[in-house]
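In what follows, chain A forms one complex with chain B and a second complex with chain C.
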Partner chain A sequence: MIFNTIGSILTLVLDIILLPFRSLPSIWGLLFISFLAGLGMISIFRLTSNQEKISRLRKRMLGEVFGILLHISSPASVMRFAGRLIWSNTLYLLYILKPLLFIAIPFMLIWGQLDARYGSNSVDLNTPVTVTVEYGNSLPERDEIDVAGTNIEIIPPFVMVDTLRQLSFRIIFEDDMIGSLDINGTSYSMGATGLWNGAIILRGFDTANSLKCLFCPCIDRAVLEDDGPVSGWYSLKGVRYAVLGGHWSWLAVFLVFSSVSAIAGAKLFNVKI
Partner chain B sequence: MGPGAGFGIVTSFLVILNAVFASMLSALLWPITLIVRFIKRRRRQYKQIAKRVIVLGLDGFSPQIAEQMMDSGKLPHLSSLRNNGTFCKLQTTCPGISPVAWSSFQTGVNPGKHDIFDFLAPDRKRYLATLSSVKTGTTSSRLGFGYFGFNFSKPFVRLLRKSKPFWILLRKYGIKSIILRVPITYPPESLDGQLLSGMCVPDLRGTQGSYTVFSKSDSGESYAGGIWRELSEVNEHLWTGMLPGPMKNDGECAVIPLELKFAGKRIILRIGDRKIYLSEGILSEWVELTFKSGRKKIKAISRFCLTMENGCPSVYSTALHIDPFSPSMPISHPVYYSKYLAGLFGPFATLGLAEDTWALNNNAVSENIFLDQAWSIFDERERMYFDALSRTSRGLVVCVFDTSDRIQHMFWGQGTSQDTPVYNMYLRMDELIGRTLSELGKDDMLVVMSDHGFTSFHTCIDFNRWLLSNGYLFLKDGVETVDTSFKGVDWSRTRAWSMGLAGIMLNIKGREGKGIVEPGREAEDLLAEIADKLLLLETDEGELVINAVYPASDVYQGPYVNGAPDLVIGTKAGFRAGWGCVTGGVGSEVIYPNTRRWNGDHCHDHKLVPGTLASNIKLESENASILDIAPTILRALGIRPPSYMEGKALLEMKTDNEAT
Partner chain C sequence: MKRRKFLKLAALSPAALLALKTGCVRPNASAKRVIVLGIDGLDPFLLRSFINEGVMPNAARLAGYGGLNRLGTSNPPQSPVAWSNFITGYGPDVHGIFDFIHRKPTTIAPYLSTSRVIGPGRTISISDWRLPLTGAKVELLRKGEPFWNRLTDEGITAKLIKLPVDFPPDKGKATILSGLGTPDMRGSQGSFTFFTDDARSISNNTSGGVVVAVRDYGDNCYRCSIKGPENSMRAGNPEMEIEAEVRVDRVSNAARIDIQGNSCVLAAGEWSPWIRMRFDAIPHISSVSAIAKFYMKEITPKLKLYMSPLNIDPLDPALPISSPAGYSSDLARNLGGFYTQGFPEDTKALSRGILSDEEYLQQAWIVLKERLDLFHHELSRFREGLFFFYFSSLDLNLHMFYRVLDPNSPLHATTSPRFKGAIRELYTQIDSVIGHALEARDGNTEVIVLSDHGFAPFNRSFNLNTWLASEGYATINAPNARNQDMFAAIDWSSTAAYGLGLNSLFINRADREDNGSVPPEQVQDLLIRLKRDLESITDPASGRRVIDNAHITSEIYPGPLPPYAPDMIIGYARCYRSSWETTLGSYPEEVITDNLDPWSGTHCIDPAAVPGVLLSTQKPGVEDPNLMDMGRSIAGLFDIPVLPPGGRDIFSGNGS
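Take a look at the complex of A and B:
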């Protein structure tokens, strides 16, 4: 319940932040969030790390690098300095462990949100999507399964794999990109959560009460019915963004631009990393 | 995980990768570099006596005091050198002043060949004092054609010491050197090894060290060698000020805001983007400061100390040392050597005269703070020195410690009895010798030496006043005294002038800007006359104050003798050139008491203040001179000293033809 609430709040916050970018191509919203995330994480790094210690250690490491340069013609000295450098480096990793742990949670939350919003193409009105649902104990007989849709058309055949307890079929969205799938009377959301660029695009549903709903907002949280499936997923294509003449995944865009903003932030706010 | 930490991890792996790569590369290149060095290096002329020579320079370490203490059972490590190796007096240069003596030490020649005769060199055209060892300035050039182009200027720093330090000669023989803080090595010269410059490295204000005192109002104390800045009271808990830094291109000083906050028991000093906690009467750690000059950032380091006077705070800031980790001027060779040292051991004093003697002189700091400062500089130097020893199994290590000189200058008046600062300093220097001895191998040669000794300085002699009184120097009508730079001197009648710690110059026609004395016979007669009269100078009690007067032509030989003072005055112990006349002042009295805390000195007749020489091997100690050290070290390393060197190798050799 609490994860659901946190997840909803986070989704709402992101929706608000992305409000100005709703009518723009998705890449702009992604760039903006990447930029903010970089600044946010560098701020967390600054607050949770011992900047003085890191600064001193970085200087020492640089000193050891210069030690290698000074003695490049003496292998014994070089190895001694290299050993010291590796030891200093281990210390450095220990120093950044704490900020790293602090950063990990918000980072994963943002990761999930961005993956849900920018990771895959929303459904195409004319392109069929394959739906696979999985049952918990055993796969019911075909005639016991009643599949219908709201704003979607179900396209047979139904493929049943007993050993995997899975049922697959195809669908096509009829009017717009929001709809729902009804299986034996239980409804599961499909498509995007809104009709704007940057809205969460659902890629499946899950009835397990887990952290998934927090870290994977693209998985819709569903209620487990006695004769219903435990989870399901939809075949959606990954999206590529045209940036600087290349085709980048959302993750590449995020990592590069959040890093750039983190470096800029570090320089601006004099953060030792 | 995240950009910040992600970068950390990625760069960490790169660091490990680079370290391994460098090790492998070094191991692979080692045989090649060994062969190249073997082919390129010159063959040594003699069998080497020592594989490693260590020179431990203790500035101003007096042989007389050391002997007294050794005789009373103190200084065990120096005593062991005396018993098993060498301990003797070391003749110093004329005059026995650090820049002169250390220049002769490193070049093996007299001042007439290395052109350093004093701290200050007179600008004879303008009658101004200039630094004898370094020239700084800017060169301007124009790029382009006709109207199309632009002018640009480039700053330069030039070492004025002539001749060649002996460690530069070692390069030809493939012998590596580490030279630490030897005076008159700024700007650093290229050598096979590493060098960190010493005395004469300036601060960021371009001076030889100017401290800053912040207080609510000017205390009325002298700020010679420092500056005063107002500390404004915002409220009873908050005080603000501005720390002036280096000069910008527009002629203004770059400044950093300073804020002193009393938050309960905590005293917080915010300076630029740094925040430190101060405790009253305790010197802070080094604080890194960044001054902005246009688009350029200039990094400095300084230490701070808070004192309270009548409920008002006063903050002392040391001179703005060049940050060794980001030096704005070259202070080491290679440039990254200072970064290496700062990286490994933290920030350290880079200013030539790092111990703030002026601040103590002017009561800007207490004796305890001064001693804290001096000993922490000693600790920094010690770390560098032992690092150099640990990294050098063959070759040369030279390190000069200045603490001995500064403490004697400032605390000589307290005597040398037990528990005085001078006494404790000798004990600590002996510990340093002991630690060095424990690092020695069987093929190592240790030379412990000082450039001069020490004695008291209780009375000042104003040589310019004396010249005035004796009709050699004239002031313009209405001028009674001159503070500095001969402002008010009537050069049309003046025949002689004094500048520096021991020199008198004639106002020679064609040489000086407004010279009137004809060179040749007239000048020689005048010199003889002044010398004779000076020898008769006495105090009111009838005590003679001059021990000897040396004409330049008698004590110097070489191409630069013309730059020397015409007469070098050797005062008796206790007497020295007055503070004002050193920089071209003319006071009201010829002889007057020295009331400053700086009450020990060595700027007397050089024969009265010999240095110290000690070694773990037997040396010919009779008439050993500072000029002999360079030839001795070269000879110990199996190299024939070059013919221009004037000293002799002090090694007790059976034959000189013992070639390898």
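Take a look at the complex of A and C:
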């Protein structure tokens, strides 16, 4: 329950941040979030790291590099400075471990959100998508399965895989990319959660509450009624963004532009990294 | 202030980056535009007949501008040769393509004439791994300069979609997507896989594809091994493999195909969308992507699952299929997957009975629909310069369904009459393409429709090698091996001539072939005797001549010829063609037999019998336009100082 609530709050926060970008191409929202995340990460780094220690260590490391260069003709001195440099590097890694751990949590949370929003194309209208649902105990009898769709056309046949307790069939979204499946009384949301760019695009559903609620907002949380399936999924095409003559995945866009933003922020706010 | 400036810059920089990428292109109202539709196999006689029937109004409209002209084809009139003539403006003596198949002169080993793969030069061996130090590459064997180079050198844009005999594509300034000649992922011209547990369908025949036996061990699941390309990073180049699980539901007569985490539900009688799969050369480090379509022919009582040849994935091509390299990916992103192999229609699957006539036609319509989507997409983006688009559908489908048009075909009576409309429907579709090209026309736009050759029935198969043996030009010393490929039956020391490929005849020269027997000074006399004998052959069943012209190659192409060039090009008479057995060097018992293969139409005969078509908004200024003239003529429609050297400019008035 707690994970559900945190997940919902996070989704709401991202929805609000992305509000101005709803009618723009998705890349704009992604770029904005990337820049914001870069600045956020560098701010967390500044707050959670010992800037004085890092600064001192960097100066020492620089001195050790110069030491190697100045005593290049003396192997013993070079070895001594190199040993010190390795030790300094180890210390540096220890110093940045804490801030990196602090950064990791929001990074993982935002990862799931961005993957759900920018990772895949929405379902193409009039293109069949294969849906597979999985039952908890055993597959119901064929004539007991009742599948209906709202804004979704169900395309028979139904393929029952007894050994895996799975049922597969195809669907087509009719008017827009928002719809729901009703399987034996349980309703499962399908497709996009909104008609704006940057809305979460669902890729499946799950009736269990777990940490997945936090990290995988593309999985809809359904409440199981009667004997419906406990989980389900369908695959969507990944999306690529045209940037600088290339076709970038959302992750590449995010990593590059958040890094650029973080480095620029570090320069601007004099953060020692 | 400094921070504000930073934030402003941070907000503006992505905008600038995007703007760089997505600069808007507006059509240039005064720019010259030429639309060329290359319709493989568009036959002037069938075209006239359909125009007269009123089913091709747009072709009739275009013929109203420049007439319906017969276009001289290549000799031999095979598509790779003909399109090379078109591209370079010269014949095979210059571009070097004489047949679909060439052979190594010394060993007689056959190879595809249009391209070859050259493996990595140096490798490091670690256990059974082979790590290449230099990359493998694919080489285009067609020589000569493409005519559009003169346009692009002058800054005129050229876009050529599904261009034949251009794999890998020229790395010039033109935008090119390779067509005819593009192999599948296994390096063949198209090799299907048929998974079945029906013992009657299982055979060792590997012509055009393989039948793979699969079993259901009681869990309603068939585990199907999909063999991909050879892995050059392993010793012995084993084929890469992935597994597909086909879970059948016999009650609903449907199945789910699971491949690498993707699922696809198919009922019996349905075609799948394109399914993408990756083959690992080195797991997690190096892999290649391929796409395939499945057809669920039958589930109950036996599984019969057809998988198309593994096509090069246009989204992530393992081999170069477009220039610039990212062009095919752009198309795939906009349109989804599409057939990239040069021969998309699976004619071999039909010939071998894997697909029925109806199933083959379903696949042919899928191919045509994809091609039409591609055409409309690219035509809508065409702003200026040259736009060439190639359609293969007429050619391959006329090959397979000429039997419905020709009452003399041995298969005419056994072919369902409901397929009679298929050819008409194909011509109608091509007419709608012509219509769209005409609609896109403005005051600065010319439209040209041309074909590489026409069509003729293929009712009787001529076993050239058997005839050579029966006339004493070859000696069979292993009669039991007559039906084996690659001349297993003959004694080379007493063999003077042999046939290989569709129209090619070679003298077994002592100074060229490893086991040659004919001294060079006797070659010319032998050719003259062969020509006389070949041109006098008559079919005992009808008394008709089998060969119209046996062309001595050095007489029709007097320039220096490459050693792989045939010594004679056989121009068969209408209704006749070399047998499939002859093309690969076997010696069946009969010299002439009925052709009982659904491949019932041909153009690999005498070029005079199968001219192509030329329709254009400009009237040709010559009586005998030829494919070799077209590059220069198209370039002549633009205002450029130097025209391509080959051929004549037929639109200039005097054919200069």
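In this section, the second predicted complex is superposed on the first by the 261 of 273 C-alpha atoms of A that agree within 3 Å, B and C clash if a C-alpha of one lies under 4 Å from a C-alpha of the other, contacts with A are read in each partner's own complex, and residues count from 1 in each chain.
The working rule: a residue touches a chain if its C-beta (ideal position, glycine included) is under 8 Å from a C-beta of that chain, and two chains touch if they have at least 3 such contacts.
Nothing here was measured: the structure is a model prediction, and the numbers come from that model.
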Partner chain in contact with A:F107 - chain B first, chain C second, else both or neither: first
Partner chain(s) touched by A:I152 [first = chain B, second = chain C, both, neither]: neither
First, second, both or neither for A:A262, with chain B first and chain C second: first
First, second, both or neither for A:I171, with chain B first and chain C second: neither
Touched partner set for A:A222, first chain B, second chain C, both or neither: neither
Chain B versus chain C as contact partner of A:V161, first or second or both or neither: second
Which partner, chain B or chain C, touches more chain A residues: B
Overlap of the chain B and chain C footprints on chain A, listed as residue numbers: 261
Sites on chain C touched by chain A in the complex: 2-3, 6, 10-11, 14, 17-18, 20-22, 219-221, 247-249, 251-256, 261-265, 267, 273, 326, 329, 333
List of chain B residues in touch with chain A within their complex: 1-9, 12, 15-16, 18-20, 22-23, 25-27, 29-30, 33-34, 37, 194, 273, 325, 334, 336-337, 339-344, 346, 391
Residues of chain A touching chain C in the complex: 27-28, 31, 35, 127-128, 130, 132, 142, 156-164, 168-170, 235, 240, 242-245, 247, 257, 261, 264, 268
Chain A to chain B touching residues, read off their complex: 37-38, 41-42, 44-45, 56, 59-75, 77-79, 81-83, 85-86, 89, 92-93, 96, 99-100, 103-104, 107, 255, 258-259, 261-263, 266, 270-271, 273
